[in-house]
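Please go over the structures that come below.
Below are two complexes that have subunit A in common, paired first with subunit B and then with subunit C.
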Partner chain A sequence: MTDSNSSLSNLDLETPEKPFLDSNELVINMGPQHPATHGVLRVILRLDGEKVLGLECVIGYLHRGVEKIGEHRTYTMFNPYVDRMDYVAAVSNGLGYCETVEKLLNVEAPPRAQHVRVILTELNRIASHQLWLGTHALDIGAITPLFYTFRDREEILKIYEKYCGARLTTHAFRIGGLQYETYAGFEKDVKNFLAFFRPKIDEYEELLTTNRIWVERTKNVGAISAQDCIALGVTGPVLRASGVKWDLRKAKPYANYKNFDFDIPTGENGDTYDRYLVRMAEMRQSVRIIQQAVDALPEGPIMAKVPKVMKPPAGEVYHSIEAPKGELGYFIVSDASTQPYRVRVRPPSFVNLQALDVMCRGQLVADVIAVIGTLDIVLGEVDR
Partner chain B sequence: MIAKLKAGYGSGIEPLSYAGQNYMVVDRSLIPEILLVLRNEEQFDFCVDITAVHYPQREKQFDVVWVLYSFARNERIRVKTQILDGESLPSSVPIWPGANWLEREVFDMFGIKFDGHPDLKRILLPEDWKGHPLRKDYGILQQDNEWVQINLGIESGQ
Partner chain C sequence: MGQIIQYITSYLGSNQTPGAAGNMFWALVYIMLVFVGLSIAVIAMNWLERKILAHMQVRLGPMRVGPHGLLQPIADAIKLLLKEDIMPAEADGLIFWTAPFVVVLAAFTVFVVVPFGPTHAITDMNIGILFMLGVSSLSVLGIVMAGWASNSHYPLIGALRSSAQMVSYEVAMGLAVVSAILMTSLNAEGTGTLSMIGIVQAQLAQGEWFIFKFFPLGLIAFFIFAVAMVAETNRAPFDLAEAESELTAGFHTEYSGFRWSLFFLAEYSAMIAVSSIAVTLWLGGWLRPFPNLLHNSTWDLGFSLFPGVTFLLLAAMCFYNAARMPKHPLFRIQTIGLAGFGAVLGLIGLVLFYPPVSGRIQDIFWFSAKVAGFMYLYIWYRGTFPRYRFDQLMRMGWKVLLPLGLGVLILTASVALLQQTLWHP
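After this line comes the complex of A and B, so read on.
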């Protein structure tokens, strides 16, 4: 007893010569299995107490070698693989791929096919944003929206199931158009869904937008400026919330988006709250587009004249679409054989995830969760 | 714009077009210069994608492609260069910070090194994996059996 007392009194507790507990920087692992990382994402945080000094993302846990597989499958055989990348918004992936190969083959889908494509893709945008809203609110602590947003998503998935048989990985489009004609009652179903869904967005806004806890948790969290976004290559709602009014559907229109009237919602500060508002507004715009599309559905063929054995002439094409998460690009190199020579997918979530470090500097650990949610990443797309 | 660049660099640039998309094949020696000119003078401030294609039959085996976009001109352009196996390229990270992970992925999948990259290590595959999968001489079912045996404790992944 006396020994330890004397040894304690020997220690100079006022000003230690060298720090025996370096409590300045702590490295913590937010491991691949975590309820709030939306998949298998590993984040290594450097913390000073609760404040984040920097972070590093380790990805690749869901790498399936989709680009390598693309070199060993024919163009039509590769179509189903594409849905599995961003499995939340599978229809958009299919649209991007089909349009890129159509560019290589120099065919254009007929007007009716393009119209139906727009309807299904915008429904997909709503479904993706609904899943985003539910999981993002859940991460921040608002458990209620999850159940309601998934119920809305169910309605959309029912339409997909009636149309092409699959809910999630739909393989809805074919190169050159569509395979299935819209089923009897498709337009009535879509119109009923719109009538059902329109007031729901207002309900969710009522739950969250002026909610004091929500505003406290999301305002000024994860702010990123427009210059940083452009420098880092960030696209999608994140870029629009930072003030850049840019949307591929307006800048480089594809699939007859030229014929529809819609706005591009933008934010001011580029923080989490603005990204939330931008996505809610995007859902409203999607409803507007679907309403216009379904009111003016033209008659006609649904498939262009495409050879059964596809051998596009040698060349390379880059084409991108505005997926719900950002700019989804496909770079396909063809060597005049039945299989592509190289398929490169430019995933929006992969490039957006680079911004996580910049957005989280100086924030608290709880804000890291909010920022991961607001970036809306899907690991299937990040890793491919 | 292409005419101006061609006038400036002569034979180092070959402008081409396919399916309505403009791209240029640039000499390896011109590489950081052309990208800087494109960003500073021609306002291509957005690096959309960096990727590579492997042509094993050619002498210059790799085609490295930059896809750039300009907000001001609403124009997209591709810059391609051809390099030998084992040759390295200057990194574009000082020009566009977003090129960081894109170049790491090209290194991971093809083995093309970028000089001056702040942190060039594998991104999608484990750190100590051997081999670069997207090369044409890497089999579709091939795996790094040594890594699998050490880390997963099984004989092989097949």
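After this line comes the complex of A and C, so read on.
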């Protein structure tokens, strides 16, 4: 074959001569085993030198079939499973699920339970943002913030551990309220944490916000417009950093967020730096909410009247909450049996991840890492 | 026999480097000393970096192997030596095999001219600084070879990045060096020198370190060099070539075991090498603080106590921490080990008080102390800064440091010329 080819190529004058130095596109496979893809995300990068021409996400390496499991467990049994999706914000996942089933059952958790739920969920938002900040800074090359955030996150985990025995996948809430009454000294612990944590946010900001290298690495990196965000269904801090004031805690208040006074921080440029600022501001807002909630913690029952064996009326319900990463929705179809007919989860990470290609096109390899970090994805939630 | 002894001892009275005195025996002894000292310094640096970085990051660092993890580097070295030597099937064998040696060779060879003291150098070359810059830039060859021979994408990108980076920062670095060399020519004869020892002696003769010369020109040149040297050694915040979060490990992704440890060794000895260039050119090399200003027998005696006192302080630290060790049978060996280490340090400290020894060792002490300061800076940078992006790095090299270096060079030359023509016609 080579012989005939070479003889032909002598005759074929139009065959372009192969250049001495050819400049092909370089296709690089980033992950699934890669230090900066936050788990097992695989990104196939098409590069021209260092410039990204396009990329494709390959997901599914952490798929556990959570939604399918839901069809074979009772409503109560499925509750701990949702904690394993976004394992850094397990409490938010639990809140979303419990509230959805409560909506299906048409019950409402008592006010004290609502308050404790808000406290724990907002603590979880802080913990999730801390983990995001640490790993994001680590991806950009600043290794120290990670240890600072983990040191302070520990205090939140200690509160969880005292409350329900678990630190990460807490299973803190039950359908209809809470299983456990708060422990003695819970309010004091939370207040102590707030007093301890307020100056810590300034400490993080001191390390990064005005750091020249940090600003250069994040400003105008991975910018995405509000229209693109909405078209792609991107929610959470990523959407707010693009200038859209959309927060489900305000837009469709759930739990009892309407009783609390807080702002929705937004950005302007929708770049990585704005997303950073938005998340930092969100931590401050969370502190505000927790302070109000713990100051006005009502007495009373912690569990609504729910049947021991739950058989919600046939029908379907969609309910979504503002998880630390964006809109976390549950769609549950009930066939009036003890098990859901279908559970569908709308995870923020999964939807936000599809913006990666839009955000990275035309940027450099190093920016891809920064953008993956700033999207704040958790692969457990992307793959479920 | 007598001749041999005479040959060996003939050097001791001289005030030249063994290379310049042409005494091969002492030259070999110095090579051995530098090699061993450098290896110990790299081992110590390994432990210190992990400890200091850990303490900056609110954690303890190595604590298990030996008291306060003192034996951790040795455990690591043994682990690396015992590891399987893996060569990727598609790699270019010969180049893959040679690359680490090229890097190590370049990193170690520069120490031939590093002046630890007026007599404490292997040799005094009249083109010393040129030799250092030339040989140390050879290491980029090894890195390119490693990246190419691995036949893999990440190492290739890492090698491309580091070669571009090292080449572009060498330009700025060279300009900064030239402005320092210009300053050596400010003597009666108006002749400068490239010899490393000559540069330090020029600073002694002119009565100030070049970092303070023509303030702020010397300082700016030093600053340019200090930035460029971090980029030159591929350390944070310029560690793009081995950017862990982007390229896994950059050019040495495919290397493991002993070969990898050679890259590690080369990186640290290159750091020491460029730091010693900076110390020699701007910080007065082996000179103690204020050699001209505070120059009488009392001050001389006072400064000669520094090495001994430093070692005694280190020993006291060891004893203090040995006393703080948990009183538990499990910690007995560690406590005794730490106290023993302290005793060795204290003994060295006492020996350093002995006047003939302290007289000979002082230069080495001050030089090492200054280099150690740079090493601390390297660790501090790593704990503080995020990583630059490649285009930003290049922009800084070509658009900030290079014009700045050129400007400083022109200004230094003008000021030097004015000084020579106006004040010393």
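By definition in this document, the second predicted complex is superposed on the first by the 362 of 384 C-alpha atoms of A that agree within 3 Å, B and C clash if a C-alpha of one lies under 4 Å from a C-alpha of the other, contacts with A are read in each partner's own complex, and residues count from 1 in each chain.
Here is the rule we use: a contact is a pair of C-beta atoms (placed from the backbone, for glycine too) under 8 Å apart; a residue touches a chain by one contact, two chains touch by 3 or more.
Keep in mind that what you see is a predicted model, and the values were worked out from it rather than measured.
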Figure out whether A:140 sits in contact with subunit B (first) or subunit C (second), or with both, or with neither.
second
Give one of first, second, both or neither to describe whether A:365 is in contact with subunit B, with subunit C, with both, or with none.
second
Quick check for you: in the superposed arrangement, does A:69 touch first (subunit B), second (subunit C), both or neither?
first
Applying the touch criterion given at the start, work out whether A:327 contacts subunit B, subunit C, both or neither, answering first, second, both or neither.
first
Most subunit A residues touched (candidates subunit B, subunit C):
B
In the complex with subunit A, residue positions of subunit C that touch it
53, 56-59, 153-154, 157, 236-237, 239-240, 243-246, 248, 382-392
Which positions of subunit A touch subunit B when the two form their complex?
59-60, 63, 65, 67-69, 71-72, 103-104, 106, 230-234, 244, 246, 251-252, 315-318, 320, 327, 329, 331, 333, 341-342, 344, 346, 350-351, 353-354, 383-384
Footprint of subunit A on subunit B - complex, ascending
18-19, 21, 23, 45-49, 51, 53-54, 65, 67, 71, 74, 76, 78, 96-102, 105, 109, 122-126, 133-134, 138, 140
Touching subunit C in the complex: which residues of subunit A?
26, 28-29, 34-36, 50, 137-144, 146-148, 151, 207-208, 211, 213-214, 216-217, 364-367, 369
